[in-house]
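What follows is a group of structures, each given as structure tokens.
Both complexes below contain chain A, partnered by chain B and then by chain C.
Right after this comes the complex of A and B.
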């Protein structure tokens, strides 16, 4: 701020790149910095993992709510991938996705971001890629950790206490898919609503009390509605056909999850592209 | 170079910006002036591709800004000091921006040092004062060493030392051949900073001219002239369209003529002039008169 400082020219070296188009790796890295420089990210993801592990452990050890397998003891897959136990994690990562968009709009940061990268759709794709990869890693930790914990704490003799048995692999894969889907859904809701409280309510409605209120065991309409929810698609895959949501095939469940992810990215991109910020 | 051609923005029935046409040239500081609600910020947002114009075009160096893949090497902008996430550190905020445009990491340290925020770099922006946030916004604008700079009310919240620093910065950027557009609702701010003024009121263009010409628009006397022959000078200035009043002691006050016009008239009539000075407050006066009439005009129209 002194005269001496002012006299120093603030020129970029000529070697610095003059890009006509941002490299995707740079956009990804920028969104990565933005995500991890907020304390709430670490807290929420940490809480999601801790809760998933705790519930897996308590489900297998206590087994109060869970059906017992045909042979008597609790199936560790059920303990680690008990549906309602995963809802907090789903909502948690969806909130991170939602805040990635709502936070930008509410603070006005979106204008700074879009002056730096005027090509809005690529900003959305980079944001989605960061959210998806971070939440997939979170899901992997929660799923594998939960399963190991369930193996360790399930009472009685059990065959196939291995992560590589097909049912466990399916359940891990489905979980690694569902948390990114939830995060992207949150992002799309954030883009549509832009308001923190409204988005929070919408996230809880779609991922929380939606699946609890509309179940695939009622009438035809309720079953169809439930089947298109990420929660039941995930449930179909984790229970590998033994669960309650047996009204769709595993392929359909995968398609539903993919459709949610894709639709969320498209909705966010289109909404942001058309809106005055 | 920034160009607006018949730029128009309507929000429902409200016309915020009404067929604005102007050009902002490099190498000088251009002041973008207007009272609150005159459409300044909306215009700047349209130039930066943040708001879509209802009709008309805005370009930066010949291209609509929305078509650019990366922005920071082309334009540096400070629209609102609040356009930052309060939960992030200044360092993280600038680092993310730099990284998105593929700029080297040293730039982050360099611009934060330039604006005097080196020591506060690791603090969260939520703890910053408004002045510090303005400095952070200026740092981000400087990040890509851009040829075009756009600042919306950048002086707000700066302390007197900061204001002097910012003015010197704008002048320096212009002297390096860059296009510098600075908006304000206060004429007095521009008096010391701008070479050229674009004045808007009620979304319309009111003036697009050098600062000195603008000052001459006030109906009250705006220039004081001291000369060897005030009587003859008075006559020729009146003939040239000025409104002249004798003050005695060889001084005149002149309205409706700019300092340079007065100089020309005196020179071509071979009258020695000792002093030509813009009366302080003249710019403010001209600004108030012009924008007041724009408000009346708008009310009469609707």
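Right after this comes the complex of A and C.
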């Protein structure tokens, strides 16, 4: 520093105005760090991808078991998006979403978070954004990888061995949508229950047991109940044999997935806003 | 005159009393059991009241599938497993386990006492649920082809094995709770092992269809003969093997719990 600078009176040096309100990117970064600091996140997402690839490969290798349809060619969607094989991944990401809320309440970190960001709804939106983007990326890898594996390993004639044909694109899109929907559902259940074991139970019951118990092949009530579950909406869009329901349109299935995501964010925001921490 | 030597080793009865208090002080014990009973009753009524028998198929009518339907009893098993998970993992997450093992350093005795208390509760829950399902489904079926009564030996056997299923589930849950020790992780694993894994195996997706037969619900289905007459029923073991499995699952679970808890730090 020069003598001239030192001679400046201190009161003239004004500090830059302090930015007191966190930007959304800051909140996103904070939630990102929280999510990835848990070992269970990496393990669960890795397992979801590994399971999707393994099951796509083993399904297409045992291609004789798959429904071939009247005209013969095997539909690769049947191998890559066989209904029950995706249930563990749906539950896994829902548990990640649930722990994002429950874990923060259990450790007490939520108090610090909400002192730093008194606008609780912004925290919920940031949490939802991190969960949705991370699980959507996982689903993209799992779906594209599974389809490519099915293309490569399905014996015999296969129609539409291309990622760009409409059926493949629909299935990839539905899968990229359904895992975030499940993660957000888990987050909402976690906000409602705030107890780790109870939330784990509820996630498994709603996303796993529900579709197994209520199938869209019974009476009208059972069909309607089944159709509003994310699993069957996804099954409709992937048009795989099991897990698909022919009793709704593709547009309805998209609406159902969107409604679950939106309702989950709203429930989490309202519950977190109204309850003491 | 000498003072009596204080008895410093806890008797097994004391350990059972301690575990009894722990289990009874949890609200979830009552919640899980009440919910399970309610679920079983509603499911039995629903199944019994919505029977469709094709005119030519009356000979194959098996009334046992209505009170003892597989999805309902898989769920009852998972509920029981959750109870077992919480009995072990809950004690780890609250930290009470340290006090317990300081008081009783012989950890195997603690696990045995816990197993006794958990099994007692689940046996009572199993008997209540099994009988309630039987009579509710019987009442809902009446006027049709019911004949559900404990006088028939096959129905008595189905009711007994259904009453035992929650005991098996809870002991398996204890082992899962001891292995994972995190309530959310352990509860999801219990669902996975007892409900989703059998479904996945039976779906034929992975070439391990035979493994469906060693699952608890398959053994239960073999003994209770509550299999739907569908073209592709789930594979079930022979009845003798099924009884062995019904004994092996709880014993191996108890052994696993005891080994894991003894070897790990708390």
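Heads up, the rule we're going with is that the second predicted complex is superposed on the first by the 245 of 277 C-alpha atoms of A that agree within 3 Å, B and C clash if a C-alpha of one lies under 4 Å from a C-alpha of the other, contacts with A are read in each partner's own complex, and residues count from 1 in each chain.
Simple rule for what comes next: contacts are C-beta pairs under 8 Å (C-beta built on N, C-alpha and C of every residue); 3 or more make two chains touch, one makes a residue touch a chain.
Keep in mind it's a predicted model, so treat the numbers as computed, not measured.
Enquirer: Does chain B (first) or chain C (second) touch A:47, or do both, or does neither?
Expert: A:47 contacts neither chain B nor chain C.
Enquirer: Of chain B and chain C, which one touches more of chain A's residues?
Expert: Greater contact footprint in residues on chain A: B.
Enquirer: So in the superposed three-chain picture, is A:163 touching just chain B, just chain C, both, or none of them (first/second/both/neither)?
Expert: Neither chain B nor chain C is touched by A:163.
Enquirer: Going by the contact rule set out at the top, does A:266 touch chain B (first), chain C (second), both, or neither?
Expert: neither
Enquirer: Is A:22 touching the first partner chain B, the second partner chain C, both, or neither of them?
Expert: After superposing on A, A:22 lies in contact with chain B but is clear of chain C.
Enquirer: After superposition on the shared chain, which partner residues are touched by A:255: those of chain B (first), chain C (second), both, or neither?
Expert: neither
Enquirer: Looking at the overlay, does A:38 come into contact with chain B only (first), chain C only (second), both, or neither?
Expert: In the superposition, A:38 touches chain B alone.
Enquirer: Touch check for A:82: first (chain B), second (chain C), both, or neither?
Expert: After superposition on chain A, A:82 lies in contact with chain C alone.
Enquirer: On the A-aligned overlay, A:228 touches which partner chain: chain B = first, chain C = second, or both, or neither?
Expert: Neither partner.
Enquirer: A:109 in the overlay: touching chain B, chain C, both, or neither? Say first, second, both or neither.
Expert: Only chain B; A:109 stays clear of chain C.
Enquirer: Which chain A residues contact chain B in one complex and chain C in the other?
Expert: In chain A, positions 40 sit in both the chain B and chain C interfaces.
Enquirer: Considering only the defined contacts, which chain A positions touch chain C in the complex?
Expert: 40, 54-55, 58-59, 62, 65, 82, 84-85, 87-88, 91, 95, 98-99, 102, 195-201, 203-204, 208-209, 212-213, 219, 242
Enquirer: Under the definition above, what is the set of chain C residues touching chain A in their complex?
Expert: Within the complex, chain C touches chain A at residues 28, 50, 71, 75, 78, 82, 85-86, 89-90, 93, 182-188, 191-192, 195-196, 199-200, 203-207.
Enquirer: Which bits of chain A are touching chain B when the two form their complex?
Expert: For chain A paired with chain B, touching residues are 1, 5-6, 8-13, 16-23, 26-27, 29-31, 33-34, 37-40, 103-104, 107-119, 122, 276-277.
Enquirer: In their shared complex, at which residues does chain B touch chain A?
Expert: That would be residues 45, 48-52, 65-73, 75, 77, 79-80, 82-89, 92-93, 95-97, 99-104, 107, 110-111, 113-116, 140, 142, 144-145, 161-162, 165, 168-169, 172, 176 of chain B.
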